[in-house]
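Across the two complexes that follow, chain A remains constant while its partner is chain B and subsequently chain C.
Right, the complex of A and B next:
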C-alpha cells in the first residue's frame, strides 16, 4: 500500500541531509563539546555553526542569543518558568492565550500552583487573538506575555508584532511559541519584537529531542536545571551535538527553500481545502482563511467522530490527525476548538491534515478521492446524524 | 583504533566524557530517523510503529536493570534526570524535612542542584570520602537525622572510577522503615561497566545517560521506584506518564535499545577486557615511569572494587593540561578530570576531597576506555608517556 503522510504538525520526516549530518556526528565527530582536545573542538565548532544557522533563519542579532534545549516543550518551560522566577520580584502576573500548546498551558498551571496569577486571553471564532484584549489584560504586576505565533491545531497565525509593541509600552516581556511557524513561514525575531521564542527541530525536518530557545540579549532568565557550564549555564547537560548539528542543517535547508516551500504548500493546501469543501456536504473549515499556516487544513465534519475518520483513513494508508498528537491519545475534545467557540459536537468531528515538502499533488487528490466515501459510510452508521 | 587522514592513528581514551556510539547503535538510530519518524503519540500506523520502539526499549531496559518498565522514563540526559529527581524530592518531601546528604565527589549536575536547593532553605551535608574516593556507610548513619529526606550518592565516580557501597547503604536505609529517606544514585558511569541490578536492593531513583554506554548523546534515563511521588520538571503533553513531557526522541531511544542489546551479550567479556587493560596500564606506568601515582583505586584493585574503564594517574611536576595537550600531539586523547568542569576548575574537586596533595591533584590525567579500546592503544599511550613525561619534566624544571 502506498502510504501518504499528512501529519507534519505532529512531526516531520527527517530530511536525508539532516540524517547524514546526524550520522556523521555519531560515527566520526563524536566528541564531547566540553573536552579540550581535538574531538572537543570539532564538536564545539559544530555547536557554534548550528547556532549561527538557527540565528540566521530567525534573524537573530547574534548567535549567542540562542540556547539549545531538548525540544519545544523544554524551550516553552524554560522561557516561562525561567522568566517568572527571574522577575518574580517585579510581579507575579502572566498573560497567555486559551489556545496555547500544553507545554505553555501546563507550565503556567504549575506556576499558578506556586502563587503566580495567569490570565488566559480568549480568541475569536477563527482562533485569532485581539491585541487590544491583551492590552486590557496587562496589569502593573504583569511580567510576561506568552502567545504562540502559529497554532498547532488550526494553523491560525497570531498578531505577535502588534502584541509585542503593546507589551513594550508596559515593559512586559514577550515569549512566542514558534514551534509550528519556523520552517513554514518566514520568521524574524527583530521584526516581531519578541524577547523569547521557542523552536523544535522535529517540526522542521530535523531530529526529535532537540530544540532551541531564542533569548534576546539582557533578558532575565533563571535556568530550570543546574549542572555544568554548558549553554552559558542556562541549560546544563552534555550537548546533543549530533541532534543540534542536525537541527542546524534543517535550518539551513529551511532558509534555502522557504520561499518555494511556502508557495508549494499553499497551492497543495488550497487544493485540499477546495476539494474537501466541494466534495463533502456539511463541513466547516476551522481556523482563519488567510492568517493561516501554509500547510494546515483543519475541517469539522458534522455528525461523525474525528477518530473514526482517522482510523478509516489509516486503513487506506493516509496518516492524519484529530487535534494535536499530544492529546490525540485522549478522547477529550480539543481545548483549542472549544476556545474558538465550536460546540462539542463540531469539535469532535475535526480532522487535521498537515502537509509537508514530501507531499505531492497526487497525495492531495487521493485524499479528496477517499475522504467523501469514508464520510458517507460513517455518516450512514452514525447515531449522531 | 582509527586513522584520520594520513596522520598518526587516533587513539581516543576519553570515553568517560563521551563514548562513540556503538556501530549497532548508529545503524539503529539512522534507520529510525529515516523510517520511523512519526510521533509516537499519533494514532495512525506510523505513530503506532514509533510507539512500539519506545515500548520495546523500555521493556529491554527494565529487564537489563532488573526492574519493571513502568518505572523507567526517558529524558534528555542524566543532567535532566538528576535535576528532576533532586528538585522533585525536595518539592514533594519538604513538609517532612529539609536535610539532604550527598558527597563532595558528585557530578556538577548533582552538586550544583544541591547548592541551588540550599539557597531555597535546604541543608546539605557532605559525606567524607577516603583516599580511594570511597564513602563509609558508618559516616552516613552518623549524619542521618529525622528530617533527612534525600540521600544522593553516585554509584561510580567519573574521575577516579571508585565504586561506592550502594548496596550497603540501601540495606542500612531499609532498617529505618517508614523514616527511610529517598535514596538516589547517579549511575551514569556504572551502567555497562559494572553490574547494576535493581531487583536486589531498594533504590528510589537512579539516573543514566546514553552517551556514556554506547548510545547517543541527548537521551537519558530516569528510574523511579514510586513514579507518582514526584512532580515533573517539564510540563506539557503528558508523555512518559506525565513524568516527562515533550515529543519523545525516538531515534535516540532506539539507540538506547540497541546499546542494551549489545550489552546483554557482550558486557561481561568487555568489562573483563577493560579491567585487564586498566591493571596493565597502571602497573606498567608505575614500574616504568619514576614518580608516577595511580589515584583512587590502585592498579591492582580487585575487579569488584573498581570501575574497569577509568584510570586516574598523576605525573608530579607536569600540570595535567600540559600532558593532555602533549599527548594530543601524538593523536592520543585523554583528559584532566571531568569534561564538564575542565574549563571551570584548575584542580579537581574530587581529588582534593580525597585528600590528595595539591601537586598530585594538579598533575593528574584521566584515561578512560571504551569497549573498542585495545592493548595496542594502551601500548601506544605507554610509549608516548615514556617519551613525553621525562621531556616535559626537564622543561618544567627549567621554568621553575
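Right, the complex of A and C next:
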C-alpha cells in the first residue's frame, strides 16, 4: 500500500543530507568533543559549526547564545525552571498560556508546586492570545512570560513580537517555544525580541533526541543538572555530536529552502482545507485562517470521534493525528481545543493533517477522496448525527 | 495497539443501527470522555432476539459495542444481565489498558437497555392490573 504521511508536527523524516552527516559523526568522526586529540577536535569543530548554523537560521547575534539539549521538552524545562530558579529572589510569578505544549504547562505545574505562581492567559476562538491580556496579567513580581510561537495542534501563530515589547516595559523575560515554527516560517530572535527560545531537531527533518535553547546574552539561567563543563555548564553531559551536527545540517537546509518550502506548503494546505470543507458537511476549521503555520490543517468533524477517523485513515494508508482524548493518553480532549471554547464532542472529533516537504498534490487529493466515505460510515454509526 | 478482533469489529461492525419499536434501550457514556453508546434490544419470552447499537467513540468503543450485541443475542434476560464489561473485552482478545475504563461500556449500555425493558414491562403489567 502506498502510505501518505501527514503528521509532520509529530515528527518529520530525516532528510538524506542530514542522515549522511549523522552517519559520518557516528561511524567515522565519533570523538568526544572534550578530548584533546584529533578525534576530539573534529567533533568540537562539528559542534561549533552546528551552533553557527542554528544561530544563523534564527538570526541570533552570536552562536554562543545557543545551548544544545536533548529536544524541545528539555529546552522548555531548562528555559522556564532555569530562569525561575535564577530570578526567584526577584519574584515568583510566571505567565504562560492555556494552549502551551505539555512540556511548558507541566514545567509550570512543577514550579507551582514549589511555591511559584502561574497565570495562564486564555485564547480566543481561533487560538490567538491578546497581547493586552498578557499586559494585564503582569504583576510587580512577574519574572517570566512563556508563550509559544506557533501552536502544535491548530497551528495558530502568536503575536510574540508585541508580547515581548510589552514584557520589556516591565523588565520581564520572555521565552517562546518555537519548536513548531522554526523551519516552517522565518523566525528571527532579534525581530521577535525574545530572551529564550526552544527548538527541536526532529520537527525540521533533523534527528530525534536533539534540540537547542537560545539564551540571549546576560539572561540569568540556572542549570537543572550538575556535571562537567559542557555547554558552559548550563547543560552538562557529553554532547550528542552526531545529533547536533545533524540538527545543524537541518538548519542549513531550512535556511536554503525556507521560502520555497513555505510557498509550496501553503498551496497544499489551502487545497486540503478547501477540499475537506467543500466535500464534507458539518466540518469546522480549527485555528486561525491566516495567522497559521503553512503546513497545518486541523478540522473538527461533527458527530464522530477522532481516533476512529485516524484508524480508518490508517487503513487507507493515510497517517494523521487527533486532539481526541483517546489518542492523547489522557481522559480529556485536547486542552488547546477546549481552551478555544470547543465543546467536548467537537474537540473529540478533531483531525490534524500536518504537511511536509515530501507531500505531493496527489497526496492531498487522495485525502480529499478518501475522507468523505470514512466520515459517512462513522456518522452512520453515531448516535449524535 | 488493538488486537485483530478489535480491528475486525471496528472495520465490519455487527448490528449497527436502531431497532424500530425496541423493547428496551439504554445510553451510557458522556461527551467529556468522548464515548457515547446507545443500545437497543428486542425481547421475546424473556429472551433477547435482537440487539443493535449506535456509538460515538474510538475504535475500542465501536468494537465493544459490536461484540456485545453479538454476545447478547439469544441470551435470556438473566444471562444478559450477567455479561460484564470484562467479558466483552475478553471476547475481543483484550483492550489496551487506558481503554478498559473509558471505552469499555458496552455491557453497561446493555444493562441499561435491560433495565429499560423491565421498567416498560412493569409499567405494562401495572397498566393491565
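Note that in this section the second predicted complex is superposed on the first by the 378 of 385 C-alpha atoms of A that agree within 3 Å, B and C clash if a C-alpha of one lies under 4 Å from a C-alpha of the other, contacts with A are read in each partner's own complex, and residues count from 1 in each chain.
Definition applied: a residue touches a chain if its C-beta (ideal position, glycine included) is under 8 Å from a C-beta of that chain, and two chains touch if they have at least 3 such contacts.
Every value quoted in this text rests on a predicted model; they were computed, and no experiment measured them.
S.K.: After lining up the shared chain so the two structures overlap, which partner does A:319 touch, if you call chain B first and chain C second: first, second, both or neither?
M.R.: first
S.K.: Between chain B and chain C, pick out the one touching the greater number of residues of chain A.
M.R.: B
S.K.: May I ask you to decide whether A:26 touches chain B, chain C, both, or neither, giving the answer as first, second, both or neither?
M.R.: In the superposition, A:26 contacts chain B only.
S.K.: Applying the document's definition of touch, where does A:110 land relative to chain B and chain C: first, second, both, or neither?
M.R.: first
S.K.: Could you say whether A:382 touches chain B, chain C, both of them, or neither, answering first, second, both or neither?
M.R.: In the superposition, A:382 contacts chain C only.
S.K.: Based on the superposed arrangement, let me know which partner A:288 touches: chain B (first), chain C (second), both, or neither?
M.R.: neither
S.K.: Could you look at A:311 and tell me whether it touches chain B, chain C, both or neither (first, second, both, neither)?
M.R.: Once the two structures are laid over each other on A, A:311 reaches both partners.
S.K.: For chain A, which residues lie in the overlap of the chain B contacts and the chain C contacts?
M.R.: Touching chain B and chain C on chain A: residues 307, 311, 324-326, 329.
S.K.: Spell out the residues on chain C that touch chain A in their complex, using ranges where they run on.
M.R.: Spelled out, the residues of chain C in touch with chain A are 2, 7, 10-11, 13, 16, 27, 31-38, 54-62, 98-99, 102-103.
S.K.: Applying the document's contact rule, which stretches of chain A touch chain B when the two form their complex?
M.R.: 3, 5, 7, 10-14, 16, 18-19, 22-23, 26-27, 30-32, 34-40, 69-74, 76-77, 101-103, 106-107, 109-110, 200, 202, 207-210, 224-230, 236-243, 307, 310-311, 313-314, 319-322, 324-329
S.K.: What part of chain B is in contact with chain A in the complex they form?
M.R.: Interface residues on chain B, with respect to chain A: 12, 14, 17-21, 25-26, 29-30, 33-34, 37-39, 41-47, 75-80, 82-83, 107-109, 112-113, 115-116, 209, 211, 216-219, 231, 233-239, 245-252, 321, 324-325, 328, 331, 333, 335-336, 339-344.
S.K.: Given the complex with chain C, which residues does chain A contribute to the contact?
M.R.: So the residues of chain A touching chain C come out as 303-308, 311, 315, 324-326, 329, 331-333, 343-345, 348, 380-384.
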